[in-house]
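Below are structures written as C-alpha cells.
In the two assemblies presented below, chain A is common to both, partnered first by chain B and then by chain C.
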Partner chain A sequence: MLELSRITAGYDPRRPVVRGVSLTIGAGSAVGLLGPSGCGKSTLARVAALLHRPDSGTVVVDGDPVRGARHRATREQRTAFGVVFQQPRLAADPRMRLTDLIAEPLRATGRRDEAAGAVAALAGRVGLSAELLGRRPHEVSDGQLQRACLARALVLRPRWLICDEMTAMLDASTAAALVAVVEDYRAESGAGLLAVGHDRVLLDRWCDETVQWDELRLEKSPSGV
Partner chain B sequence: MSLVPAANPVPTANPVPAVDPVLSVRNLSVRFRMRGGREVAAVTDASFELGPGECLALIGESGCGKSVLASALLGLLPRNAAATGRALMGDLDLLAADERTLARTVRGRRIGLVPQSPSAHLTPVRTVRSQLEETVRELTGVPRAGLRAAAEAAAERAAFPVSHLDRHSHQLSGGLAQRAATALALVGDAPLLLADEPTTGLDRDLVDRTVDELRRHADAGRALLMITHDLAAARRVADRVAVMYAGRIVEITGAPAFFGEPGPRHPYARALLDALPERAFTPIPGMPPELGDLPAGCAFAARCARASDLCGTLPATTDGVSCHHPVARPHPEESSRA
Partner chain C sequence: MRGVRMRTGVSAAVTAAVVLAALAVPFAVPLDEQAVDLAAKLQAPTWAHPFGTDEVGRDLLLRSVYGLRVSLFVGVAAALAATVIGTAVGAAAGALGGWADRVLMRLVDLFSSVPHLLLGIFVVTMFRPGVWPVVASVVVTHWLSTARIVRAEVLSLRSRPYIDAAVSGGASRRRVTVRHLLPAVLPQAGLAAVLMVPHAIWHESALSFLGLGLPTHQASLGNMVQSARGSLLAGDWWPTLFPGLFIIVPTLAVAGLAGAWRERLNPRRRSELTL
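Moving on to the complex of A and B:
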C-alpha cells in the first residue's frame, strides 16, 4: 500500500503548491489522478515517487515510513518506484544511447552484469528494435524515446509505477501501446500504479478508479481507507 | 529508389471548391540528403486544396512528415532538404519562391504561423505588447502614434486580455501564451493560417478553447491548416481530414464521415482511431518504417491486417484513399459530399 497523508509540498515554503492532500493506493491497484494543468498533481506525483520532499505530511510505502526523498530515501524504497514523465526529451540524457539509458538504473544499483539480458527483454516488450537501441535521443522520435523511458522505469521491476502524463505528447497508437505495456507488467508483477493526467477518458479506461484533484483536498481516499 | 510517384495528380475526393482555393498543393515531395548519400523521404507526393473558411486537419503519428510539410510551405526547410512539386497561393508557387519573396510577402502576410510551443516562440526578454507593436509596425501601415491602439486591437482579436499585454512570456499561462502567439499570427491578416501542433501539452479544456478560437478565425474566412496528432482536437474543428503515414497522405476525406459513420477507409486510419481510449484502445502492431528506408510498396503493409501480395507495389489514390484494399464505402454517392 502506498499512503500519502496530509501532504503539503511545493517549491517555496510560503506558497505550497499542494496543501494537506491525502491519497492511498492499495497494493496492486491502479489509481488515475485527474486535474487541470497547474493544480499541483505533478508535484504530488513527485512526492509519491520519492523525488520531492514534502514540507509536511507522511509517505508510507508498503508499511515503511519514508524518511527522506531522492538519495535520502533508502535504496530499497527508491528502487520500489518506476517513474515515467510527460516529456521524454527532458527525461533522457542526450549523450546516452537508448540501450544505456534503459540499463542506467541497473548500473546505478551495482547490477551492471544483468544489463544486457534485461535490456534485450524489455526492448522487445516496449517494441524497440536492436537498431533503435543503438541510437541517441536526438535520432529517435518522441514516441520511440518514451518507449525507452518506460523500459527504464521497468528495468528494476518496481512495485510501484508513477506515470505523470506519460502519453500527453504521443499519438493515439503509441499511447495505447505504452499503456498496454504498463498493464502487462502490472498483471505479471502485481505492481501498483498512480497515473496522473488530464484526460478523463484515458484514465477511466486505464485505471481501476479515477480521482479528481478537488476530491483529494477533501481528504477522501479512493480506496476508502 | 524510385522517386517518381504514381500518376495521380488530382485526388478525386478533394472536391473542387466553388471559389478559388487559398492554397493548392500538388505532388509536394521533400527529400533530405543525409551523410553517406542516404536520402530521407520526409514527404512524398502530397496533394490537397484548401479553400477560404475551411479547416483541414493533417493527422498522423509523430515523425510521419507533417511538420516538414508545414516547413516546406513556409520556405523554412533546412539546407539539406529539397522540395519538389507545387504549392500555389494564387499565382505564387511557395516552393519556387526565393527567400526575399517569402520573407517580405509570405511569412506573416499571406501565411500566419501558429507555432507548436507558444511560450518558446515568444521572445523571452520582451513584453507581449512590444512584440505585438513591432509586428503591427512591420506588417501594416499603421503610423507610430497609432501603434499602441492597433496592438491592443490585435490582442483583442485573439481574445488576449489587454491587461496582460505588459507581461513577459514566462508570466503567461499556457493558454494565454497560445493566444499571444495567435494574435501575432493574425496581425498580417493572412488568408492562410498554419497551426503546427497548436495543442501539445495543453489540458483538455485549454485544447478545446484553443481549437475553438482557431475555428473562429476560419469561420471569419481564413483557410486553416491544422497539423496535429490530437484526434479529439481534429474532430472538433476540421471540415476535412488528411491522414499522413510515412510521408504520404494515405486518406483525405470529410471529417464527419471520418470520425463518425462510415469511418475511415484506409486500414491505417481505422487502426489509428481504434487506438483511442474511447474506442478499442488497441495499439497498431509494430512501428512506422524509417523514412530513410521505406519499402518499395505500401509503407503500411508490414503492420496491416489486410495486406496481401498486391501491397508490394505502391497503391494508386482512388477516391482520396491510397490503398489496395480500402474498407468499402457502403454508399458511394455519400462520399462525394465530403
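Moving on to the complex of A and C:
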C-alpha cells in the first residue's frame, strides 16, 4: 500500500503547489491521475517517489512511514520506486551510453556483477538493439531514449512504478509498446503503479482506477482548502 | 567566422612557441643568474644581444626566456591548484546545500571582501621569497570565482530529472556528485583554469614588480620590468619593452585560446557574434 495523506508540497512554503491532497494505492493496483498541466500532479508524483519532501503530510510505503525524501530516505525506501519522467532528454545523463544508463542503478547499489545480464534482458524487453545500447542520448530519438529510461526504472525490480507523463512525448505505437512493457512487468512482479497524465483515454485503458485531480482534493481531504 | 578561426590559430601557434621556448631554451643555453658583465651594460639591441643588455650587462633575451619559464610555471601551477580547490568547494556547496552551502559561500565572500592583491601580498610576506609563496598567494586569491561558477552550475544541474533518476536508483550523495555533477561542470572548470593562467602570470609579475615576489637576482619578467624603471627614465627603452612584451603576448595568446574554448562550450554566443 502506498498512502499519501494530506500532502502539502511545493517549492516555496508560502505558495504550495499541492495543498492537503490524499491518495491511497492498494498493493499491486494501478491508479491513473488526471489533471490539467500545472495543477501539481507532477509534484505529487515526486513526493510519492520520495524525491521531494512535502511541507506537511505523511507518506507510508507498504506500512513503512517515510521520514525524509531523497537522500534522507533510506536506499531501500528510494529504490522501492522506479520512476519514469516525461522528458527523456532531461532524465538521461548526456554523457552516458544507454547501456550504462540502464545499468547505473545496479552499479550504484553495489550489484555491478549483475549489470551485463540485466541490461541484455531489459533491452530485449523494451525493444532496444545492441547497437542502440552503445549510443549516447543525443544519438537516439526521444522514443528510444524513453525506452532506455523505462528499462532503468525497472532494473532494480521496484515494488512501485511512478510514471509521470511517460508517454506524452511519444508517438502512439511507442506509447503502446511502453505501456505494454509496464503491464508485463506488473503482471509478473505484482508492482503497483501511479500513472500521471492528461490523456483520459490512455489512463482509463491502462489503469484499474482513474482519478481526477480535483476529486482528489474534495473527496479525500474533507477539511478542504 | 574566419576572423575567429584566424585568432584561434594565431593564439595556438604563439602559445605553442612560448611553451616550447620556455621548455627547450634552458637546456640549450644555460643561464648563470648571478653573472654580470659591467663592460656590456645597457647596450641597445644588436645581433649579439637581440633584446639588448640590462644595467649590469646581462643578455635580456635569455633572461626574458627564463623569466617566461618562471611565469608559465607559476601561471599553470596556480591555475591548476586554484581550480581544484574552487571546484571541490563549489561542488560541495552546491551538492550539499543547506548550512554547508551557507558556510562555504560566506567563506568565499570573506576572501572576496579583501582586495585580492592585498591578500596576495599578505601571503607572500609570510614566507621567504621564492616561487612557491607566489603560487600560494595566487591560489589563495583565485579559487573564489571558480567556486562560484561551479556552485552555480551544480545548483542548476541538481534539479534536473536525471539527478532525480539517480537518487531514485539508489545512488549515494557522493556518487551523484562524482558521477553526474562533476563531469558536467568539468568543461566550465577547465575553461576557468585556462582563463586563470594569464591572470596568474600577471600576478607573478605584479608581485615581483613590487619587490615582493621572487628574489631579485632571479630572472622573472616582473623583476626585469622593475629593475628597468631607472634606465627607462634615462631613455633606454629596451629593458622595459622586451620583458613587457613577453608578459603581454603570451597572456593574450592563452586568453585567445580560452576564448575559442568558451565559444565552443557556448555555441549560442558564437552565432550571436557572427550575426
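In this section, the second predicted complex is superposed on the first by the 219 of 225 C-alpha atoms of A that agree within 3 Å, B and C clash if a C-alpha of one lies under 4 Å from a C-alpha of the other, contacts with A are read in each partner's own complex, and residues count from 1 in each chain.
The working rule: a contact is a pair of C-beta atoms (placed from the backbone, for glycine too) under 8 Å apart; a residue touches a chain by one contact, two chains touch by 3 or more.
Just so you know, these numbers come straight off a predicted model, no measurement behind them.
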item: Clash or fit (per the criteria above) of chain B with chain C on chain A; value: fit
item: Touched partner set for A:105, first chain B, second chain C, both or neither; value: second
item: Contacts of A:41 with chain B and chain C, given as first, second, both or neither; value: neither
item: First (chain B), second (chain C), both or neither touched by A:51; value: second
item: C-alpha centroid angle, chain C to chain B via chain A, nearest 10°; value: 80
item: Which superposed partner A:152 touches (first chain B, second chain C, both, neither); value: second
item: Which of chain B and chain C A:177 touches, first, second, both or neither; value: first
item: First (chain B), second (chain C), both or neither touched by A:95; value: second
item: Partner chain in contact with A:85 - chain B first, chain C second, else both or neither; value: second
item: Shortest span in Å between Cα atoms of chain B and of chain C, once chain A is used as the common reference; value: 13
item: Common ground on chain A, meaning residues reached by chain C in one complex and by chain B in the other; value: none
item: Interfacial residue positions of chain B with respect to chain A in the complex; value: 60-63, 173-174, 200-206, 229, 231, 271-273, 275-278, 281-284, 286-287
item: In the complex with chain A, residue positions of chain C that touch it; value: 160-162, 164-173, 175, 179-180, 183-184
item: Contact footprint of chain B on chain A as seen in their complex; value: 36-38, 86, 127, 129, 141-144, 168-177, 179-180, 198-202, 204-206
item: Chain C contact footprint on chain A (complex, rising order); value: 46, 49-51, 70-71, 75, 78-79, 81-83, 85, 87, 90-93, 95, 104-105, 108-109, 149, 152-153, 155-156
